[in-house]
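Some structures are shown below for you to check.
First chain A sits with chain B, and in the next complex the same chain sits with chain C.
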Partner chain A sequence: MSVSLPGFADPVLSAQSSFRAILDAMSRPGTVHTAGHGLTPPAPLGQAAAACLLTLVDAETTLCLDDALETTRDWIGFHCAAPRSPAATAGFLMCHELPDLAALDAGSDDAPQDGATVVLQVASLCAGQRLTLSGPGLPSPATVAINGLPADFAERWAANHALFPRGVDLILCAGDALLALPRTVRITHAHKEA
Partner chain B sequence: MTGYNFAYLDEQTKRMIRRAILKAVAIPGHQIPFGSREMPLPYGWGTGGIQLTAAVLGPDDGLKVIDQGADDTTNAVSIRRFFARTAGVTTTTHTADATIIQTRHRIPELKLTDKQIIVYQVPQPEPLSKLESSRAETRRMHGLAEYGLMHVRLYEDITRFGHVSISYDYPVMVGGRYLMSPSPIPAFDNPKMHMMPALQLFGAGREQRIYAIPPYTTVESLDFDDHPFRTTRAPHACGLCGAADSYLDEVVTDDRGGRLYVCSDTDHCETRRTAGHTGTESPPVDAPAEQAA
Partner chain C sequence: MQPDPSHTPPNSLPNAHAARQRWMAVLARASHADIVPLLAHMPALPAHSVLRGPESGLVMVRGRTGGAGAAFNMGEMSVTRCTVRDSDGRVGHAYVAGRDRDQAELAARLDAALQDAAWHARIETSVIAPLAQSQAAKRATEARKAAATRVQFFTLATMRSGS
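Right after this comes the complex of A and B.
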């Protein structure tokens, strides 16, 4: 086992700026923010995804890694120290492809905040499947283009959204860019443009 | 300041609070329990708000702190100085210049923007606390969206007084789902929360709860079709700046019944006076140039 790659150069201020990027993204769904600039996480972990983990995950949370990210286990274990957990009970999931949202912890009616946070690496946040978002945080419906989500994502998300206030929240990362989809957001396929 | 982490709190605590904030934003109006820390001031002096500010604040932020609308009261001055010393941030009294505004019991008169975050200090986060003393029970009521009790309370006010007699901490529905305490802001400020472009965070230190309203979220003050929610303000204009639409403080000026009504938002009042607005109690303009003319 070797953990030769460093975490945040400035653990305090980098975590703060990353958090503000995530907070802005969560408050205004669909807006793209940057985080983790300058980080050198082990492949295939991207900068924004690594910044999310370093900012939010620690020994007090549980983390589930999907198989594609198994090679980054030592780095995450060293820097975050989060106990590993199966997907069904994990507080945080770091994924390379969208997990079955219905199989994750969605919290309870009394404690919906126990619902999981999924950090998902995708290929691009500026090209690909076009989705229209609406809900809290959006003054008017906004369209995003994401490459790396399954074709039936809008339907799968609708099932998660219908659980509100229960549900899981999603942070999508590509390189050093991220955007968030809190459980409140409604997603429909954007009309195909010519 | 040496010997302390940036913004006083340790990183472990900040991460715990940051996780709670993100879930609070994802579930608008829902109270999230958190491990409130002891701060170097007593519970009841804004420890919830301070912990939120400490978890959010960065070196590039401009911080404004108000207490009942005023920048110059003890609580506001000491919290502003606390963050100036522990985080080295720029502090300001101008609403327009601030990126983070920590407040006790008011929302500034100036419309907030989508570049700002407003942090409320909350003494009692549970809107049902006076109707149901068991926290286990109120948690269940929130889970089931069972808010009939609060409507009965408003109805009883109407039968007794002819109107709803709540003048501050007036309960609101957030995003059509959660009943929420807006903290003890005057009901006058409630409409400002509706579809506000700024992110609104609420922290209750003693009660150990964090909740939030994302930008552009519906916030409705509870009412009835035949008794719609109404805001009230003292029927006067500000004595210093003449504002007829701001929330006013009543100041007793002597022991013969003298009263002065002034803007509760001191920055709003100062900005107006600087722009040349005057009220009935404005000091006389002694302009030598005019006398010479």
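Right after this comes the complex of A and C.
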């Protein structure tokens, strides 16, 4: 195992501020927050995605890594110490492209909190496919533009939303920006790309 | 049996592994105040950046009675760990007993430098060897004091049978 890059400079304060950013993003879906400023994760991991992992993932959670992120395995293993797990049972998934949401652990009706959290690294959170969101945390529908989601994302998300209270939550990261789509969010309109 | 460190080449497995375990064990038992005077006559250690820590935590120490009994939790002890990377890219780790963050960082820096062939012999002779020697002497003293208070039960048995 070779690790050459540090994690959070101040583990306690940085993890707290990242946690706050993720919490805000989850409670107000569609708003963009920043996390992981000053972090130097190994490529291709972005700052916000790395901050999510350092904040949420530890020895007591299971993690599944996308093949594209295999090169960051040592760094994640060293700083998070999370046991690896196949996608179907993982508590957290760190992905470069959207996995099949239906194949992930959606929790149970007794314990919906066991549903997986997908941290997805995308190209941009301010340009690309436009989605109109509504649901808890959104007093009025909000529109987000995301570059890096598959074209049929709205249908795939609708199937996940229909499982409520079960389902998976999604955190989208690009650079040091992050945006969350909790399972409660409905995509009311997916604008076709011009 | 302890492997003789002076004949252990620093870069061959598994000897390198055993040698590293040995110097890490010596550093883990040496306090910051023990190490610093030994470094006084040496050039400054390579520049480093910290990858993790130094940070303190608790680890559960497990024991076994008689070497064959079931494992049990003996108690928790505080441990400080640190990982550094020196300017040549060598990564040094340290897990030391107690909460001395300076000791953990210094031990990690020494671990990184000890992997370098140029530094290895110098640190081995002027830091690790004296520390190992004083630790062995301390252990021997304690063992001697403990041995002096040993009760020879066969003596009691003889006395009882004799009366």
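Everything that follows uses one rule, which is that the second predicted complex is superposed on the first by the 189 of 194 C-alpha atoms of A that agree within 3 Å, B and C clash if a C-alpha of one lies under 4 Å from a C-alpha of the other, contacts with A are read in each partner's own complex, and residues count from 1 in each chain.
Definition applied: a contact is a pair of C-beta atoms (placed from the backbone, for glycine too) under 8 Å apart; a residue touches a chain by one contact, two chains touch by 3 or more.
Keep in mind that this is a model prediction, so the values were computed, not measured.
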>> Per the contact definition in the header, classify A:6: touching chain B only (first), chain C only (second), both, or neither.
In response: second
>> Between chain B and chain C, whom does A:164 touch in the aligned arrangement: first, second, both, or neither?
In response: first
>> So in the superposed three-chain picture, is A:139 touching just chain B, just chain C, both, or none of them (first/second/both/neither)?
In response: first
> For A:89, is the partner it touches chain B (first), chain C (second), both, or none of the two (neither)?
Replying inline: neither
>> Let me test your reading of the model: by the given contact rule, A:147 touches which partner, first (chain B), second (chain C), both or neither?
In response: neither
>> For A:78 in the superposed arrangement: first (chain B), second (chain C), both or neither?
In response: second
> Same chain A residues contacting chain B and chain C, which ones?
Replying inline: 11
>> Give the list of chain B residues in touch with chain A in this complex.
In response: 5-6, 11-12, 14-16, 18-28, 30, 32, 55-59, 114, 139-140, 142-144, 175, 177-178, 195, 197, 199, 214-218
>> Help me check something: in the complex, which residues belonging to chain C touch chain A?
In response: 49-52, 55, 83, 85, 89, 91
> Which positions of chain A touch chain B when the two form their complex?
Replying inline: 11-13, 15-17, 19-20, 22-23, 26-28, 55-56, 58, 60-61, 108-113, 115, 117, 136-139, 164-165, 169, 182-184
> Mind pulling up the chain A residues that touch chain C in the complex?
Replying inline: 2-7, 11, 78-79
